[in-house]
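As structure tokens, here come the structures.
Paired with subunit B in one complex and with subunit C in the other, subunit A is shared by the two complexes that follow.
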Partner chain A sequence: MAVIEAIATTYLEADAASVTFSSLGSYEHLQIRGGAHTDAAGAGYNAFHIRFNGDTAANYAFHYMRGYNGSNTAATAATGYSYIFCGLEPGPGGLSTAYGTAIIDILDYRNTNKNTTISYSPAIATGAGGSTEVQFGSGLWDSTAAVTSIVLTPQSGNFTRGSEFTLFGLASS
Partner chain B sequence: MAAFTVIDHTELGAAAASWSKTSIPSSYDHLLLKVSARTDTAAHLGNLMLRFNSDTGTNYSQTLLYANTSTPASARSTGLTSIYYGPTVGGASILADTFGAIKIWIPNYANTANFKQASIDGVIENNSTTNAQWNLHVAAGLWSSTAAINAVSLTDLAGGNLVQYSTFTLYGVTGA
Partner chain C sequence: MADPAYIVDGVLTDGEAWVGIATTTVSGTSTATITFTSPDDGSSTDWSQFMDLILISHAAGEAVGGTNSSYARFNSDTGSNYPYQWLYADGASVTAASGAAGASHTDRIYFDASPGTASPQPWGCSVLTMFDINSGKYKSAISQFAGDRDGAGMVGIYASTWQSQAAINRIDIACAVDYLPDSTFSLFGVLPRMVA
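After this line comes the complex of A and B, so read on.
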């Protein structure tokens, strides 16, 4: 077995409300790499979020810092959410052919002595004059359950055709 | 295509003052270290000291982009005995069972012509919106030595212990 393996890739041939990975294998760490676009009405760009094991209760927290639109910086802290913001995606108000990028690391996802912690680094560059943003952030799922499924969902609307996510597993032996 | 090899994986069965890996082969192109850790230091925020080849001289420098309030900031320092920007790690005051996440890339670690750079990002996640009870680090570190790296260690800057269940996975990366 290779140390790093692509577990699954989802390429959307049609718009979809979410993307789910439900066979995560037995690795030490997971990583998701993807690119997404949304059809959310009016959005120049928008966010997408992650949930684990179908948990939609307020068991998540996240923190991120961002540089955006050329000269702005900020950071955000949030608790009591039902998801973790972890990605960026252009919308109909932005460049139609652009897809945001995201790398999401999920460490030690099977360890039942730990809450699940992730780090993520999404980015979007929509061309001259368009909205741009780069983030680095972290997220917490306040549960020591082993992660057995992952759902990625746009903040509103759908992922549009051409959005693609690959789930990698990183072994430790 | 890049190929990854596991050089070491350690999950602490009990609290320990440090993690280290010695006798790292020089046969890879790069190193990647993934860490899921916390310490028993009575604080929310902490840092691990990254050292190479057991060098405790003032041969390290570092630069940092970070946030633990609504305003990101940067910092840098030189003449250090370790790199501690980047490997940020939570202490005993953060939410129970919650471990930080750290990635450390060390490119071209075995070359003997250049000083060694490390690219590091680390997070202290916590169920808190209070300033300085969470932390985000993106950092670069420099070891001013042309020696090939054959040992890596992480130690709590505050002198505490890494707690049980902390994990450390060191990969060797070859190819491009």
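After this line comes the complex of A and C, so read on.
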């Protein structure tokens, strides 16, 4: 087996409300790499979030540090959420050709003795009005169930055509 | 263009998603610029087949003291077409900064903090990802880096966009000074797996 294997790429040919990966294979860790754009009106950019196994209850927590819109810095922690913020995407007010990016690591996802934890690094360098942001964060799914499916969903609106995500499996043997 | 060698009768034969394209290590004398170009030959390292590129670097500049920021340019574009958002810390404080296209520092993508000479010799390291390099989108990139100067230095995350819809087929890497011998840069291509 390869050390790093591309499991599946979803490259949207039409706007979509979410992206789902449901064949996760048998690896040590997973990684999602990709970029997105949203049709949500209003903000210069939006977030997208991740859920596991279809769990929409308040079983998630996350915290992150960020630099945004110039010299602003902040750190945020939250618990009791129904998702983990993990990505950033420009909206329709900005450049249609610009996409946010994210690298999301999902560690030891098949181990039923641990809660699932992730780390993520999303960024956007050209949102509407020049809005920008870069983050580094972590998230917790308060469940020891093995992760069997992953759903990525925009905070509002849809992922637009051209948004793409690839799921990778990392094997140690 | 012919199929790359790892595709036989339309079937993937190489399961590795990361493909080693090339490593350049400075040897002998210091070097000002490191360049990678796509071979455009249909081989297993032809960039046209990759979704992303990843550059892993471990480098130092020849200036005494201080920190030299490494930067990249794509397809020889020296225009101010690389807006950015940075977040970094120097051991005492955290700083964020951004620049829209046309502003200062937007004629290149900064991705590293390569320390200058000192004793002991410090080295900066970084992982730069360039996303969806063959698409008609503007190209996004993010770098996580650390440059340690034995009690000082920088760590951070840089995000940039190259405002061009052209496929990336050339990367030039440099810093304000020459790179010291043993500075090394490895470029990987990341394959997608399109499934029905």
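Note that in this section the second predicted complex is superposed on the first by the 170 of 173 C-alpha atoms of A that agree within 3 Å, B and C clash if a C-alpha of one lies under 4 Å from a C-alpha of the other, contacts with A are read in each partner's own complex, and residues count from 1 in each chain.
Methods note: contacts are C-beta pairs under 8 Å (C-beta built on N, C-alpha and C of every residue); 3 or more make two chains touch, one makes a residue touch a chain.
The shown structure was predicted, so the numbers you read here are calculated from the model rather than taken from an experiment.
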item: Touched partner set for A:Tyr64, first subunit B, second subunit C, both or neither; value: first
item: Contacts of A:Thr144 with subunit B and subunit C, given as first, second, both or neither; value: first
item: First, second, both or neither for A:Ile103, with subunit B first and subunit C second; value: second
item: Which of subunit B and subunit C A:Thr73 touches, first, second, both or neither; value: both
item: Partner chain in contact with A:Phe85 - subunit B first, subunit C second, else both or neither; value: neither
item: Which superposed partner A:Ile7 touches (first subunit B, second subunit C, both, neither); value: second
item: Partner chain(s) touched by A:Thr126 [first = subunit B, second = subunit C, both, neither]; value: second
item: First, second, both or neither for A:Thr166, with subunit B first and subunit C second; value: second
item: Residues of subunit A contacting subunit B in one complex and subunit C in the other; value: 2-4, 65-67, 73, 121, 136
item: Subunit C-touching residues of subunit A, taken from the complex the two chains share; value: 1-9, 11, 33-35, 65-73, 95, 97-101, 103, 121, 123-126, 130, 132-136, 162, 164, 166, 168
item: Complex contacts: residues of subunit A adjacent to subunit B; value: 2-4, 28-29, 61-67, 73-80, 105, 107-108, 111, 113-115, 117-119, 121, 136-140, 142, 144, 170-173
item: Contact footprint of subunit A on subunit B as seen in their complex; value: 3-6, 9, 34, 36, 65-72, 95, 97-101, 103, 121-130, 134, 136, 138, 164-165, 167, 169, 171
item: Touch list for subunit C against partner subunit A, complex; value: 14-18, 51-52, 83-87, 94-98, 100-101, 129, 131-132, 135-138, 140-142, 144, 157-161, 163, 165, 190-195
